[in-house]
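Please read through the structure below; I'll follow up with questions.
In order of appearance the chains are A, B and C, and numbering begins at 1 in each one.
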Amino acid sequence: MAATSEAAGTASIDNGRAQIAAQKAATRTVVSRWLLLSPALVIILGCGLLPLFIILGYSVMQPGDYAGVVCCKLVPDAWINLFFEQDMFSDALAPNYAYYIIFARSILMALFTTALAIGVGFPTAYFIATRSPKMRNLMLFLITIPFWTNLLIRTYSIIMVLQDQGVLNKILMGLGLIHEPLQLMYTNVAISYGLAYAYLPYMVLPLYASMEKLDFRLIEAGYDLYANRFQVLRRLIIPLVKPGIVAGSILVFIPAIGDYVITTQLGGGTRMMFGSLISQQFLTARNWPQGSALSLGLMLVVMIALFVYAKKAVGRAQS
Amino acid sequence: MKTFASVLLAGAVLAFGAGTALADGELHIDNYGDYTNPDLIKKFEQTYNVKVTLDTYDASEDMYAKVKAGGSGYDVVVPASFLVPAMVKDGLLEKIEPNQMSNFKNMRPEFVNVYWDEGRHYSVPWQWGTTGPAVNTEFYKGDINTWAVIFNPPAELKGRINVEPGMTDVLNAASYYLGQDACSDKKEDLKKLNDTLIEAKKNWRTMDYDTIGKMTSKDAYATLTWDGAAIRQRLQVPTIQYGFPKEGLESWMDNVVVLKGAKNMENAKLFINFIMDPENAALISAFAHYDNGIKGTEPYLPKEMAGAPELTVPSGVKTEFLKPCSQDVTAMHAKIWNNLLK
Amino acid sequence: MTDTTAATNLAATPSSATPGRRGPRFDVKRQGGFGVMAMFCLLMLYAPMFVLVAYAFNDNQFVMIWKGFSWRWFGIAVNDPEIRGAALLSLKVAAIASVTATIIATMAALVTTRVKPFRSLPLVYAIVNQPLMVPEIVTAIATMVFFAWIKTVTQYQGLIYLVVSHIVFCIPFAYMPLRARLEDMDLTFENAAADLYATPWQVFRRVTFPLMIPGIIGALMLSFVISMDDVVITVHVSGPGEETLPLYLIGQLHRGVTPEVNAMSTLFLLASVLLVTIFFIVTRKKT
């Protein structure tokens, strides 16, 4: 009896020691976890999020005479101006149609660009993923090269194609199909083409990553169950690569909605988008609070869009 | 991987640590794009053994925002005349007293007492000119000496017009067209300004500062531009002519100033004095083809500038250096501009 | 999802076991029109670049008006000090930013993947991905204002501001491929090493890190490209004299291009083709 109770006693001491050791290991894990995370968190919190708080502050201050803000009385003017403006000539408060048009234009342009990117990118990614490994590598190689070319260079090359004196018009006129050059530059078509061209790799690569992991035995099984190609596409392939679609869409939509370099280059500068409006408020209009409010407003639009999209994506996955 | 990492680390140390090992210092200039003669910079660098960096902006306001935000790092910037009083008031400029420098005697007397810097305590002229319409007469043979080519264009020019997107340039031109005071605060005047611009924009193709590119590539048949740019357009496409609207047109001057607390103050002052020398002022003009504010530069100018019609405002045509408007009117103008650009 | 569960049940059956209904030549993977679209996609991606390269040989100041074949613009581009300076600066900034971002992202990825979700994990995700969620113009203006304040207070000018701003947006881009790679790696090797009395650092150095290399290379390349391409943030944050390649290009686009830009672009295109080829050859040997 004494031997077993002694053994039991030692066992409980060992248990206790094991527990302490486990606890120590757990704390070490937590400490090392935060230690490893700290550089990322510090840099992004400090240089990514902190400036945003400064902008938040600016958005509720009064604009300085020629630039900057006047400290420190807080006014909500800039935010109200996002929705309503004082009509210049009648002093009545009216909906700020100018801004609404700009907001709508940017959102529609970004949505259209994303749709275009999916429309072209999805089949392409799928095609690449279903080739033999050698073909696959070759095609990936081909897709990656434009990605490695500078964005502005790619935009410039589009200008060379679409201009009045550009290659497309030269070909069409040379073939006798048209007699006057088509005015393709400075149109919405040019802008969407330019944006889609710029951000297409951001759609194809995540889509490809998802599709590469596709288990084609599932697809086969779908066919075995008498599904036709379209049904297989709609009910098997698309849901299975959903993470890729989501990732790609986010990576295209966000830059597209805030873009102003490509939009101004290809659009001619006559139609403002969100990005150029924000830039203009800080520079020509010298209204920093307004520019700040617009920046945060743009962020909110993006967050809401992401949230809605994520909810829908998760919702469908759960149904 | 390890050697790669150490090479990169060494590179990082060099990148951050070294800076520029220089003889007599540096000078950091910020100026309009396509506006500075590289030969001028080289000459200054060699004369004073200074390393010069040149950054550019499309409009004064871009530069203003950076300077006002602080820590821009520039020593010398080139604001338009209407911004100089604002920069003085904001305490952004160093009072360098060009009027006491050795080359000051070369400044043309009519540019010494200007509304933005009486007696020249802060600034010296860089270049000056007028803002007017340029038309490619191959496509339109009518009268180009009117603002109607931009604001109420004939059929041949509709949809083929570029307007450089400088708010004050465009609004002042429109005010001339309507025969209104540029700083009028009357509601009817502002409304007319707003409506005329919105109507006119329907006929504009692009709003781009690159007026030379738009005209020479024939993307545009007419543009709002400046006299020097019009000369450069004509040199490439001889059918392009600069108009002097009978309704009047604006004169402007870009001035060189030194920022308060500039790190390279001595070099900045040397530069200010340097550009008041006729030979150097001629170098400045030779590049962008604008007139300058210094006496005696004619013998040094390129021959295509001698007698260029763009540089002389015909007698009988009204032109002036327009003053900036009051805060309230400027705010209204900004609203009109926003409304126009949507 | 009843479709897939039924399908999974049948997944064990190899295709050769059920011929007949679909015929021996039925390609499970084919989808109508996808091949055409893929070819169209490649055409659309490459056509403008061919045009770009072609006009680099134009013996005329006006790019679009062909006057004859010439190599001279290549000579001018190579000798142009502004292009060289801009290219070198871009490479320098991109190299530093991508390496730093990859190191930081690796550390973050190690701790956030293949672990039991801890309470603040969603918050950590949000923070790490924050630069991706904010439109660039917003980040650019906010950073410019913030750095301007720092510059006024410390009176220090330097490349570090630009580099730090690049590191910030490179981190999420580096994080993505690292995370993807880690999730593909199961923990068996690491557990085995731990069972063999390896310390955590040894486990990392000899097991995890070598297995992660494709992800690390992906992270480096992705963040390098992103940094080289950046326009908006660089325009607002760069200090005097800090002209990167995109800034130079924007200046040229605003001032009227000559085939010098085409020539320069062609040279860079060649450089990227070379790099990507090397990368593909190297990774092919591994698989």
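What we mean here is this: a contact is a pair of C-beta atoms (placed from the backbone, for glycine too) under 8 Å apart; a residue touches a chain by one contact, two chains touch by 3 or more.
Computed from a predicted structure; not experimentally measured.
Asks: Going by the contact definition above, tell me which chain pair has the most C-beta pairs touching.
Replies: A-C
Asks: Let me check something: if the centre of a chain is the mean of its CA atoms, which chain is farthest from chain A?
Replies: B
Asks: What is the distance in Å between the mean C-alpha positions of chain A and chain B?
Replies: Inter-chain centre distance comes to 37 Å.
Asks: Roughly how far is chain A from chain C, centre to centre by C-alpha average, rounded to an integer in Å?
Replies: Centre-to-centre distance between chain A and chain C: 14 Å.
Asks: Where the CA atoms of chain B average out and where those of chain C average out, how many Å apart are those spots?
Replies: Computed from C-alpha means, the inter-chain centre distance equals 38 Å.
Asks: Enumerate the residues of chain A that touch no fewer than two other chains.
Replies: Where chain A meets two or more other chains at a single residue, that happens at 163, 165, 282.
Asks: Which parts of chain C, given as residue numbers and ranges, touch two or more other chains?
Replies: 64, 145, 149, 253, 257
Asks: For chain B, write out the residues touching at least two other chains, lowest number first.
Replies: Residues 69, 217.
Asks: What residues on chain C touch chain B, complex-wise?
Replies: It is residues 62, 64, 92, 95-96, 99, 144-145, 147-152, 155, 157-160, 163, 239-241, 243, 251, 253-257 of chain C that touch chain B.
Asks: Flag every residue of chain A that touches chain C in the complex, lowest number first.
Replies: 30, 32-33, 36-37, 39-41, 43-45, 47-52, 54-55, 58, 120-121, 123-124, 126-128, 130, 133, 137, 139-154, 156-158, 160-161, 163, 165-167, 197, 200, 204, 209, 215-225, 229, 233, 235-237, 239-240, 247, 250-251, 254-255, 257-261, 265, 274-275, 278-279, 282, 291-292, 295-296, 298-299, 302-303, 306, 319
Asks: Along chain B, where are the residues that touch chain C in the complex?
Replies: Within the complex, chain B contacts chain C at residues 5, 8, 11-12, 15-16, 19, 28-30, 33-34, 53-56, 58, 66, 69-74, 209-210, 212-213, 216-217, 263.
Asks: Could you pull out which chain C residues touch chain A in their complex?
Replies: It comes out as residues 1, 3-4, 6-11, 13, 15, 18, 21-22, 26, 28-35, 37-38, 40-42, 44-49, 51-52, 55, 63-65, 103-105, 107-108, 110-112, 115, 118, 124, 127-128, 130-139, 141-143, 145-146, 149, 164-165, 167-168, 171, 176, 180, 200, 225, 228-229, 231-232, 245-246, 249-250, 253, 257, 261, 265, 268-269, 272-273, 275-277, 280, 284, 287.
Asks: Tell me, which parts of chain B touch chain A in their complex?
Replies: Those in contact with chain A are residues 59, 61-62, 64-65, 68-69, 83, 86-87, 89-90, 159, 165, 167, 187, 190-191, 194, 201, 204-208, 217-219, 327, 332, 334-339, 341-342.
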